[in-house]
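Since the structure comes first, as structure tokens, the remarks are kept for the end.
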Amino acid sequence: METNRYQTGLARLNELDPHAAEHLKESFKSVCPELADFIIAFPFGEVLSRDGLDYQTRELATISALTAMGHCQPQLASHIKGALHIGCQPQQIVEVILQMAVYAGFPAAINGMTVAKSVFEELGIQTGEAQ
Amino acid sequence: METNRYQTGLARLNELDPHAAEHLKESFKSVCPELADFIIAFPFGEVLSRDGLDYQTRELATISALTAMGHCQPQLASHIKGALHIGCQPQQIVEVILQMAVYAGFPAAINGMTVAKSVFEELGIQTGEAQ
Amino acid sequence: METNRYQTGLARLNELDPHAAEHLKESFKSVCPELADFIIAFPFGEVLSRDGLDYQTRELATISALTAMGHCQPQLASHIKGALHIGCQPQQIVEVILQMAVYAGFPAAINGMTVAKSVFEELGIQTGEAQ
Amino acid sequence: METNRYQTGLARLNELDPHAAEHLKESFKSVCPELADFIIAFPFGEVLSRDGLDYQTRELATISALTAMGHCQPQLASHIKGALHIGCQPQQIVEVILQMAVYAGFPAAINGMTVAKSVFEELGIQTGEAQ
Amino acid sequence: METNRYQTGLARLNELDPHAAEHLKESFKSVCPELADFIIAFPFGEVLSRDGLDYQTRELATISALTAMGHCQPQLASHIKGALHIGCQPQQIVEVILQMAVYAGFPAAINGMTVAKSVFEELGIQTGEAQ
Amino acid sequence: METNRYQTGLARLNELDPHAAEHLKESFKSVCPELADFIIAFPFGEVLSRDGLDYQTRELATISALTAMGHCQPQLASHIKGALHIGCQPQQIVEVILQMAVYAGFPAAINGMTVAKSVFEELGIQTGEAQ
């Protein structure tokens, strides 16, 4: 795999989570190491690193899609954490997930919000009322 | 949020489960309290409380959709319990889920039936053969 | 294919539409005649002809699932016609599709309602306001 | 339907397309006039008009979800037009759709881009190379 | 249920896993015994036992569909085990799942590969690098 | 875009259809030329050209996924043509689509078979009974 795309992707992924690349490589090493390489080189190295849309909006777009598709909860949790890490406000994430009730239905929005709640609790973030 | 829709929705939701509203509010209080309000006021207050279709058939329609979409198992469990609470027969619920094998495929029907089985076991309901 | 299931299914399908079986057979004769046989013998002969749920509710459950899944518009049109043919009220069909806005999102409900509108116009049925 | 939500929603929808409300009402008048009312009052009046996320980002989130879900092409075309109308740049829309290749697969991205291409051609917009 | 289809299906299912039929029957006995009968008689007795496509390719096609649909992980695990049992190579299974990144998006492929990894670990199979 | 992946992908795509690359480039030139480049370089250049699974089986896996997902009919038609072009037998394609009735439901299989029928008619192929 040529150096450039991979290095660009690695840098882009590191902005979301400096441990993600290592975790990805470790996860798939014994079954399909190319999957981690592909994720770094194509999504992060060629798509998410493009100009034309800022990274925060790209992450909100990803959170929208993952909430709407409904069957990608581990990825949704990772991208919520990553979005926070690059400066998305927790309230923006909540708004995007809530909005999915309109386009993908309430169950998708409820399940997405449950993922967000769990990430926020882990990070000590509160977007609603004080407990 | 205006009183009427919310009160109508609360009454409608209470028919399914008298603890559901409190549970919903508690679940999303720290992350997005409006989500619980929306669920009560729009789905329950404006849609599920409409005339033109009886509540039992509405719940069977919901069970169909949640089984077919496949990624909404927590909601499927709640609606199966709610459907039983308003008088749907366990066998009707089993039939609707089984029918989804035709429209959404066997895996969706199998996973839906597994949810139903777990709810029925919790409530001591048996629709098949004696163990 | 053994006679019983096929004959049961044919009778059940004929209740929805007396021309459907012939149309199905004609459609897939040159590419996969077994598909028409399967549809008659399994969905109609073994599932939709079961006891435990009346046929009208079964059709409303099918309309729910097809609206929610969103990629089955030819089947949705056929089942709306069939549901009317076995005595479902147009308003019940409208209510089930509208309810899908809650579970599968507004676009799925809008596209389902557009199919219903087109079927109702073909049949001279009006469920809303006079034009 | 109480005045406030409806009026708020109507104003919000008019920002996207001043003819959309009339078109929605006309479309569903004969089959289910409440669907148009619901769309104006709930999605536009209660969700898309909330604070916490700017309208342009909300539209990009909607375009993401509709592209990823794949079965909502009429709505995708409307929201692409609306997004342009409130100031989203064509290139941002292209980027969001392209990004869906990563999360929902290439066919979803290709079909979404085909919708964008058709909208852009209608409006004389070019985001790629000169013909 | 007539003997022939059921016996054919049972033999076909036994090729994948000699304990699967018993497990299926046990699972759904108390809630819907017909579901197990249907699975044996229709998918295995009438579809998967057809000529025209070898069984290994049929299992790879099933693994593709289950990975792409994304909400059928228990079935995906079973079919990966079954595919191995009838002689599919672990690397073929990995390739089919990896390919789904193209058609259903990276999250679906990642989640499918995680299921494969777990099955392979249980069976002591390694398709990537030595740990 | 580096030469190797692109050239590998172009050769791989040309095996399916020698006009596809030109058609892809023409289609997206005015809106997003990178989409065509990505399709050639990543799916065809890095995934579909991998060892470990023969090309015919890869195409049958793609046909399975596109039929099961249900919202990718233009891509399904292209891959059916491509599969025939690299030597898949028409009957194998029919079998894979028919099998999707089990995993994704009858409507998905019916709609997929309708696409196959249309491609086969265009090419003068008959897999069922003589007309």
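Every chain is named by a letter (A, B, C, D, E and F) in the order it is written, and numbering of its residues begins at 1.
Keep this in mind: a contact is a pair of C-beta atoms (placed from the backbone, for glycine too) under 8 Å apart; a residue touches a chain by one contact, two chains touch by 3 or more.
The shown structure was predicted, so the numbers you read here are calculated from the model rather than taken from an experiment.
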| item | value |
| --- | --- |
| Far-end chain from chain F, centres as C-alpha averages | B |
| Comparison of A-E and D-E (more C-beta pairs in contact) | A-E |
| Chain whose mean Cα position lies farthest from chain C | A |
| Mean-CA-position distance for chain E and chain C (Å) | 30 |
| Centroid distance [mean C-alpha coordinates] between chain D and chain A, Å | 23 |
| Multi-chain contact residues (two or more partners), chain A | 38, 42-43, 47, 50, 66, 68-72, 75, 94, 98, 100-108 |
| Contacting residues of chain F [partner chain A, same complex] | 2, 4, 34, 38, 42, 46-47 |
| In the complex with chain A, residue positions of chain B that touch it | 27-35, 38-39, 43, 66, 69-72, 74-75 |
| Complex contacts: residues of chain E adjacent to chain D | 68, 100-108 |
| Touching residues (chain side chain D, partner chain A) in the complex | 42-43, 47-48, 50, 52-53, 57-58, 60-69, 72, 75, 91-92, 94-96, 98-104 |
| Chain D - residues contacting chain F, complex | 69-71, 94, 97-98, 101, 105-111, 113-114, 116-117, 120-121, 126-129, 131 |
